[in-house]
């Protein structure tokens, strides 16, 4: 088992390296001159040269790359070209927002998806199954921004049930400790604010979680159906076990496996979807920040953010793979 | 036995596989949801192709004085923020989506397929390296990758196509590689090799056709994703460079600003995207069921 | 009173492509401790019959649509779900064909055995575990205590089947149903597992129903044999009697299609012509008629009931004196049974009435019907084949020219 973990870890490293090279090249192979674009009309020759020196853009490429790696190893992700603040700081301020949103969406997707999938598998070809299938289909066919905008309009503008955007009512003033709204409001002892934070979380979580929900529902349904037809389920029944036992120990224990893998893959989709969701709901998170950075040509921000996203994604997948190996003895003992 | 017998074996196999296609077609035509999907797709394609015929106005035609009008007899879907007929822009928007969608997926199949075929056919270190490259691509979550590419290469239709293509190519690489690896050691391949058929010939006449069904299903489903991706890029402001080009995603961004006054401007492009995506998803699922030889009964 | 009594059992499956008539009025009985063999080809209903007995048919497609099953005095069809569940594993146990897929891959052997025991007895985990070790030792698995912690994929095929047998016999059931227990195993292991099965059922007095398509397996294991075809029992007799005097054309065909060590040299293998019937559309007459070399006109229209071979003798259902029953209008004579073909002068099988397919009819190029499909497939690739058979009895390509004029 340990060997498996180490092997997986080792295979992650080249990917990260490859990615860092690509991202590095990204900045330096851009059409046009980033510095010129940055300075706009203020670009005089001397200023351009000075800024280049400052940003280290005048060194040979390989030197810059090594410098970049050195920086990364020190945890220095560069500075935002726009406001000159360290990328890492800006990232850490906004990151909890994205995490909160992503986790809320994941809880929704898994918490609803698995029960729905199981239900559909237990009543195949009947009405409930049909409804679940339609929900699934809609989930993957409705883009996040369409769903988000529609939800905003119906529930927020028309019915005025939930707030339109943002993370917290702007009139509420809470000291920001962790930047996790739910945590900070609790720390401040303000239950009203906590509820408000929750209310702001609902629509974005639904919009973001809709696609993973659809996919998890589908895979759960398929997996449970497949496993239910396996011989060992028949054996379990022939032994006289109760349906409950057959379901929990024999069907679900085996049906979990593909579902777990899919959940891991969905995390990547969630990170990507967060970008759009944060834009639609003006949610203060990393996703929206990256989009703005791209539009502002703030390249160091973009480079480092993508690298971090990729790192998160790879770590999550590693955890999922290890979890899978843990659940599936055939991999554990091979 | 004549020397050309083994050469004629593919002929018999081709005849057998024609039976497979006919059978699959029959099953597909009996599949309700798949037919519904085909219907939606045909709406989409008809809108794209017949836009000039069906549209009452030009896509850029409009006066500010007539902006943000709700649906009426004159304007079936109302007018947008610049007074242009929404129905017309939806129809022309279908062109962009269809064009970019189809070309992106074709590019994705080519790129992914080439990488996957090389990896599967050559194996060993080539396989390792190529799959690492694919892993790197997969490590960056979907839309971010597309955003990155468009941002890198500047806005423009070809760049958008490339971005969406790259984002969707890993699946095709996996399919081709998997299929080649699985079939390489099969008896019929060894038999063909034993009579001296060249590797390329084996590849093109035996191995590739076997991956065809998985490719077709994946490509259909990828079209749904591509349409959504293109609209997503448009929504984020990375769509076609000319702001006047009707594109469903960009139309949604514009509509966002007028959410309260003109909510219908969100509904129509949104519905168009959803209907097209549902169509390809339904067809893709239907194809998967009818082309799966195991379910032959 | 018999331990198990099956009366006119009818089982059907409803599918998209029609209703499958899997079991069509099967009746037999079984005494305590008796060993019965159920023989027939795939799809003849032998497995389905037994799944129906313990009400384990795949839902919702499979349904018992007639007949009765009595076990130990109880009507099994009338029991509610909880009661039949109590019976399964405790009084009636079943083991299946493929031991790899029949064991849960994510649970240890210990967990799977303990849960069986604890499902029916109120015992603590330790006690159940001790019993499991005991059982594994009985079936011949060494280092039982350690192997309990293994997973199914860490055992070989034969050992897995032993584990299944151990689990099945854990609660001393009165009846053990073994569905093709050795089909998926190597030949050498087959003999071991069968021997184990025989020893254990004999020593514990457990009745056994052994399902198989292999006559060789039942020969040494069972006291009586039922031969099944297309959901009917076509012949029923004590084992020795069946092999000595096979009387149904299908049984005769089975015996002659398998090579035997004691055959005289030069004796040919005679395959049973034709294909198994379509279980969605069984004929009104005898289901075997299309493939039967002894058929009369009557056979095409009237399905023969199961009757004593010697008319008028009283029917004994179980035990070594059980009657020899067959379902046939025109059973082969002992000589014909020995030679495998009808030998009475002037006899030829009755032709098929219009609308029904005769699986025995020769094709125009002189190839017997059963090989016709194969010939067609070859001809599609090779071109026309000559009608003159080679020494092996198979057609050859034309000797002079290949299809392209090459040799």
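For reference, chains read A, B and C in written order, and residue numbers begin at 1 within each chain.
What we mean here is this: contacts are C-beta pairs under 8 Å (C-beta built on N, C-alpha and C of every residue); 3 or more make two chains touch, one makes a residue touch a chain.
Predicted, not measured: the structure shown is a model, and the values here were computed from it.
**Q** Can you name the chain whose C-alpha mean lies closest to the mean of all the C-alpha atoms?
**A** Here the chain at the core of the arrangement is B.
**Q** Please name the chain that ends up farthest from subunit C once chain centres are defined by their CA atoms averaged.
**A** The most remote chain is A.
**Q** In angstrom, rounded to a whole number, how far apart do the mean CA points of subunit A and subunit C lie?
**A** Using C-alpha averages as centres, the distance is 55 Å.
**Q** Measuring centre to centre with CA averages, how many angstrom lie between subunit A and subunit B?
**A** Centre separation, subunit A to subunit B: 24 Å.
**Q** Could you grab the centroid distance between subunit B and subunit C? Build each centroid from C-alpha atoms only and quote it in angstrom.
**A** 51
**Q** Of all residues in subunit C, which touch subunit A in the complex?
**A** 54, 56, 85-90, 93-94, 96, 98, 101-107, 111, 115-116, 119-120, 151, 153-154, 164, 167
**Q** Provide the residue numbers of subunit B that touch subunit A in the complex, in ascending order.
**A** These residues of subunit B touch subunit A: 132-133, 135-136, 138-144, 147-148, 151-154, 224, 228, 231-232, 235-237, 249, 252, 255-256, 259-260, 263, 266-267, 270, 273-274, 277-278, 281-282.
**Q** Would you mind writing out the residues of subunit A in touch with subunit C in their complex?
**A** Subunit A residues touching subunit C: 230-232, 234-242, 245, 249-250, 253-254, 327-330, 333.
**Q** Given the complex with subunit B, which residues does subunit A contribute to the contact?
**A** Counting only subunit A, the residues touching subunit B are 14-16, 18-19, 22, 26, 29-31, 137-138, 140-146, 149-150, 152-153, 157, 268-269, 271-273, 275-276, 279-280, 290-291, 294-295, 302, 306, 309-310, 313-314.
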